[in-house]
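The two complexes that follow have chain A in common; it is paired with chain B in the first and with chain C in the second.
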Partner chain A sequence: MTTTPTGDLTVVTAGAAMFADTLRSQGVATTEVSWLPPVAGSEGALTSVMLDRRRTAANAQALDAMTAAGASLVDVRPARDALGLDAGHFLHAGPPIDWERMSGPLRGALVGAVVYEGLVETPEQAERRLAAGDFSFEPAHHLGAVGPMAGVVSPSMWMFELHDDVHDRRSWCSLNEGLGKVLRYGAYSPDVIDRLRWMGDVLGPALQTATRSAGPIDVLAIVAQMIQMGDEGHNRNRAGTLMLLKEWLPALIRSGLPTDDVAAVVEFVSGNDHFFLNVVMPACKLMTVAGNGVPGSTVVTTMARNGTDFGIQVSGLGDRWFTGPAQVAEGLYLANFGPDDANPDIGDSAITETAGIGGFAMATAPAIVRFVGGTVADALATTRRMYDLCVGENRRWALPIMDFRGTPTGIDATSVLRTGQLPQINTGMAGRVAGVGQVGAGLVSPPMECFEAAVEGLAEAVPPTA
Partner chain B sequence: MTRTVEVRSGAYRDSVGLMQISTQLRTLPGVEAALVAMATELNVELLDSMGFDRPASTSPNDMLVAIEAADDDAVAEALRVLEAALTAAPAPGGEGATDVAPPTVLAAARRSPARLALISTPGAVAAIDAADALGAGLDVMVFSDNVAVEHEIALKEMAADNGLLVMGPDCGTAVIDGIGLGFANVVRPGPVAIVAASGTGAQHLMALLDGAGVGVTHCVGVGGRDLSDQVRGRSTLAALDRLDADDSVTTIVVVSKPPADDVADLVTAHADGLRTPTVLGYLGPGRPDITATAQRVVEATGATWQQPRRWGGDAPLPRDGDLRGLFTGGTLCDEAMLIATQQLGPLASNIPLAGGTRLDADLASQGHTFIDFGDDQLTVGRPHPMIDPTLRLERLAVEVADPSCAVVMLDVVLGHGAHTDQATDLAAAIRDADTPVVVSLVGTRDDPQGIEAQAQTLAGAGAIVHASNAAATREALSLLGQHAHKDMP
Partner chain C sequence: MTTTPTGDLTVVTAGAAMFADTLRSQGVATTEVSWLPPVAGSEGALTSVMLDRRRTAANAQALDAMTAAGASLVDVRPARDALGLDAGHFLHAGPPIDWERMSGPLRGALVGAVVYEGLVETPEQAERRLAAGDFSFEPAHHLGAVGPMAGVVSPSMWMFELHDDVHDRRSWCSLNEGLGKVLRYGAYSPDVIDRLRWMGDVLGPALQTATRSAGPIDVLAIVAQMIQMGDEGHNRNRAGTLMLLKEWLPALIRSGLPTDDVAAVVEFVSGNDHFFLNVVMPACKLMTVAGNGVPGSTVVTTMARNGTDFGIQVSGLGDRWFTGPAQVAEGLYLANFGPDDANPDIGDSAITETAGIGGFAMATAPAIVRFVGGTVADALATTRRMYDLCVGENRRWALPIMDFRGTPTGIDATSVLRTGQLPQINTGMAGRVAGVGQVGAGLVSPPMECFEAAVEGLAEAVPPTA
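Showing the complex of A and B:
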């Protein structure tokens, strides 16, 4: 008050509208909160967490770490080398789950991976032995890796390897197989397995050569450009894919590989608009993991789904999962598929929203707003709403349509509970039945239960006041 | 001539933005040439042609910064301006920034230059919103009541961590830079600043000062529990420091119930260390009433004290029976009881003084009875009686029909936020009643309701109206028959 001359007072008001009215009648500018009660039952935990004296600084620290992280593509190599994955061990998307509760597409992808690894002869055998517990699996997140949709990784699959040179940390993701009938959507027919073999025999080694020659490739810089070119980094990766290909091309051409192989690799990459998604995801994982583990921070550092459960992690509680039932996306369906054919939400790709792009950057991707069931105005409003759920912005990723504001970054679990507004995720939809593949794409939200449980956990971890 | 070339990797910016920054740097004194651009082939060649040394190796994802200037200082200044331009938040503008209603205090704070938040959300969750305001770097006034005391302490600790101020909880009134927040009277600007643990007490003091021609620029409410043993004056001390730093303030007044002894010592010691003279206006048994405190403050500013006004006709003859006080302001009710107890002995109330009788939940009168309709327990799920007079009007009808009731005393608090015309509602009930009604009217000339108009309406209906609550109480007491007094058999 000592530095505010009369007439310059502006007041934020929350609650009774009459107080804003009386301020305006005195000529005072007001900004009124569009206040709603917090999610019922969460009041006590929210109060404890909001009153945690560490919260503001901890969230700033988590945001700083996220936005300071680096992410460069440094190598492409098989999972057994990159992640030390042993034969018979597999990774999958989302929080932990056992075979019994697993959805069709995740089971299908594991079946395909077991077949691909040559551990069995037929899908039927694979299913039997998986059900018998002959093979082990765990979330990719547990090893710092991520996978789209089913996210299944087996030792022979080739992985993108990204490095954060600021925090000296690595993350990995498999190579994108394309759209339609593919393993990550739970398909395991012979053509799916054949494609995986070609990826292991030709694509992986060629990209390894190109990456080792051209790299490290600054993935965050490509993302910064792609989001100014109509990509939001989750459901649209067209510009990013071409920019990555551009980085590789000279090295591919000079590689001495057979011309037909080089051409096939270029055709495969350029023919799949989502190829770059599998590079964006580990880059986002490097960002979010950099912000993880700050005591008192309410920032969400993981959102991931396994087709049955939606799981989140929050910075203040490190690697603990908080889960709720995965929802079915709303959107558009391919061919004759409809809502009954869609599996609940699946995949680690919500790491993009966790890092501030995907649905959060919807405003920058008007080309796909109709595909995910909305108008351009909806897209702008979505990004604006996401700013209000986040602790800050990522200045490295500026959105031209938002007057070059940075992407909304660092979902605050308390803001979700307080406003009842959920993070928006852009997503593909897998068929409910193993083997079907992709049935559509659309929008989905996490279940509120995840955030309720996470804030409950954060409240229990608030140190008693002295 | 000094030249510098830097390569910053991983710092992608769009070319238009960088061209704007380059242009800005070139206009700085002493700067001959400046190029800030992504290290594309074209830009590296441009660098060459400007006569800068080409950096060893660059990629198009690197940012080039090249400056040629008269001396090292000019280069340093250019780099400083560059950093500022690169980190500056873009001006919020267009529909992008403001189109969605802010769902939280933080979201609202980001859309506004505000440094203060006024929270009036339900008490059970108000601490959440107040903590959000503090996290956003705002001072906060918590109007909400029924906030747990441990949450109050936590909020005030958070505020102290960040050099911020918590007003409240249960802070009914504040004036900041002459602007009224919550229930606030329109007072003339002036040299007095108030720190108030009491809402209506502060309003009454401000109104009395205004009536005496002395202005108030700030009134910082701290909440009724601030000077308790538990909260230990956290906001009072912070407010004293803020007000002491304001050169327009020449006199500070603290208005509160008497603090716990060691908290009183804390406040006294703190006040002694301020450069601004501070009046400790504690209210309680054996202490000056609010009107006497107002006189002290007026005289401390060098102005001349005038007795507060009275409206209405001659006093009627004393009547036997009970005094019934129906209040909307807790401190006004307290003060009236303190004065009345001296004549009447212990009183019955829903907020009894020490030695008084606590009313049953149905609030039925027991002899001389005072009810504070603004008490927390009567405002759960219901607007404050200063906004919604229904409950008190109902009770007034009961009292004037009660043969054991000799005199009714009421308070009417004017100002922003208060009912637009309580006097008219009350006047209808007063006009029809035989029972004398004495009103303590807290307000100013410039209040939206206008003290003069409200006083005329009430007096016109037959009420006796005082601008001083203490004077109103004394006149009400004088209307009671002799055997109502405690020293009579």
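Showing the complex of A and C:
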């Protein structure tokens, strides 16, 4: 027998759950403090950022702005008009990058876009002129736009235009082409270009007519429904796609457009479970940009990849990029593809996780493990873990399986460093080689370097008086 | 200190989990046998049915037939043609009942149907002539059809026609009117009748055109998808409705019907989250009837309510009804309605639970607790409990949150008596008074009497040689 203290005992435990479990099994009241060792080498910067007196209020302000933002689909129009893109200028996903460092799928998508714009005759010519610096490109994020995978946008491509009527701000994304051999996965074969032409000639104008007639469509309300319907908004958008289509349908049918075009548009949209992703993404961009630029805030407002670098932005430092090497996802492969075929992580679609859905809401979409890998238990555990990294919850987006708790929202860069836990992203995988297209889907995390660099940047910006 | 047995110890425990938990916490290998006390008074019949040597194989055969059945939507046409209904003859939900014992909502729906058919001028005349026995009615189940709530069908109402190509059998259900003040909830005001006329003049013919052109639509495949999308197929059919609409859309758009009619049909279908229920129900009827009529099988093949009686059928005894008093659901009320306004349980829609979805699949549809009441933990526990009442699982319908386990399928009447646990149904609630319509939605169980009577019937049918 051992001697135990007498009287009412309350113990506070930190870290490993074994301490608390043992005490509880002996009937001792226990308050558990979750604790994991911080990332080695980051302690200095982390300490000064966490001592910044502005931090708590700044993060609350950033979260409030994110969760208060509106996002309605108000128009569909060419990037030339929507974003003022000039001929020969292109947008791409992720942080800035030059041609030399670009991965295969980003090069492939740019090649396809140059061909699509009619600036050259052949993919070979496109590649030569891109390498020669005859065309210019910049991140879509720099114009407030976002693009999945390669995220390449050219002036003739039609864009969804969303408006945040709380902060009077707009965001844009191209129209989703479907899965497999598509431009955004780096494919540029003639069928890819032909599909883009049909999207420009028929799909875009039809959706413009329907959107202008159906009035602003509340995208955040559709997301609130879809996350009760097995979609997490990044790699499952099946219910969301049908709900968006439902909003357009009466106007589409009454549009006066040729019946065959209306039917083809309906078949194209309803036949692509990912169609709504390109509407969710600019909605998430409107949320996250609303939380950006709050001095002292450590909330992550952008996560984006160009296929080579993973870049993040934090609210307190506005539009500065902090980058590290993009990782290769682990997951499930299409057809005969395998890990050697996969390009490192690419696309602006991690804006969904930045806004609290996608990998952060996997608990609500257990069927997604059949697409991205892992188990249902992992999916539930992932969402629970993400709450620990976030400054709060979005009560407008309730997760039924979490007892209607709001989505975990506002990644705190200091929480990442403090615990060594990284945000969970689920994502498509592009082929390494330009022209291949999609090879699979899986789970991936940002490199820790982004968060280390961001917290160092935040530390340098702490006012001396703080 | 107490003395423990030495050597490798394995213990079998039965009933209360505390025994097994205690042993396991001491590192003793434990095999748990779940056990609950049987329903008092049923032991004699239960013993002879459980000793029936045909039972195990008969139940396996019934389950195989249920899960092997097909169910495709092949046509939409008036009940007059589909079921050969004559003028003045009506179908209703649940087991047989005469006018005197009928509840308010069933009387209300019959009154509305008599008015709709133009057999009288006013609801008062309809009621008088129904009471006088001028019209005839019988359970929809007697013709292989099913109907939600009052389930009243008249010759001019249009029906979904489903075909099981494995067993070459057909089933039917009327078209869903929406929620609130509708005929199936016992309402019969002029707007209810007007809506039925529009459904007969525009909706039915349009869906006939679309269904005949879109070819057989695999309803079971849509159900397989919807239960991965937060629908349990009884009180949530939101994703299912949109997926069915998706199948019809191209044909509807190309139908050559007036644009305004096509748009109105699309708005009506997509605006009613319950529309697909009336397609799920006959699909479930095709499954359950496929398992009916296996001598010695204790599998429940029908659960249906007429608002007064709850009736079940068991496979081994074919079409015999075993009834008990219908219960009032506990749940959530619309507007200013409360428990005093609710009629006892009504409708054939418990065919969904009989086929393993609805209340049996609530784990996959946690958002439903906001419609029928209860907690998310209850929803998960309910599905787990239903596995204990069923002879097997339907592997074609995987529940992601249950690690893709198949839906619990084939309620074993002996398991109900053996454990005292009742099947869980979630359901809409009709107003007690004819004409009121829907007052809420909630959770309900059959009366134990049905299962006692069925097992007694099965006991009488056990061959003396068994």
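The working rule: the second predicted complex is superposed on the first by the 433 of 466 C-alpha atoms of A that agree within 3 Å, B and C clash if a C-alpha of one lies under 4 Å from a C-alpha of the other, contacts with A are read in each partner's own complex, and residues count from 1 in each chain.
In this section, a residue touches a chain if its C-beta (ideal position, glycine included) is under 8 Å from a C-beta of that chain, and two chains touch if they have at least 3 such contacts.
These numbers were taken from a predicted model, which means no experiment stands behind them.
In the superposition on chain A, contact of A:Ala239 is made with chain C only, not with chain B.
By the touch criterion defined above, A:Ala132 reaches neither chain B nor chain C.
Touch criterion met: A:Arg385 reaches chain B, while chain C stays clear of it. Counting the residues of chain A that each partner touches, chain B and chain C differ, and the larger count belongs to B. In the superposed model, A:Ser34 lies in contact with chain B only, and not with chain C. In the superposition on chain A, A:Ala221 makes contact with chain B only, while chain C stays out of contact range. Of the two partner chains placed by the overlay, chain B and chain C both lie in contact with A:Pro400.
For the contact definition in use here, the residues of chain A common to its chain B contact set and its chain C contact set are 225, 228, 400-401, 403-404. On chain C, the positions that touch chain A within their shared complex are 225, 228-231, 238-239, 242-243, 245-246, 249-250, 253-254, 259-260, 262-263, 266-267, 270, 366-367, 369-370, 375-377, 400-401, 403-404. Only residues 9-14, 17, 59, 61, 87, 89-97, 99-122, 124-129, 131-135, 138-139, 143-144, 150-151, 153-155, 157-158, 161-162, 176-182, 184, 189, 218, 242, 245-246, 387, 416-417, 448 of chain B touch chain A when the two sit together in their complex. Touching chain B in their complex are the following residues of chain A: 1-2, 4-16, 18-19, 22-23, 25-26, 28-29, 31-38, 43, 46-47, 50-51, 53, 55-56, 70, 218, 220-222, 224-225, 228, 363, 380-381, 384-385, 387-388, 395-396, 398, 400-405, 415, 418-419, 421, 465.
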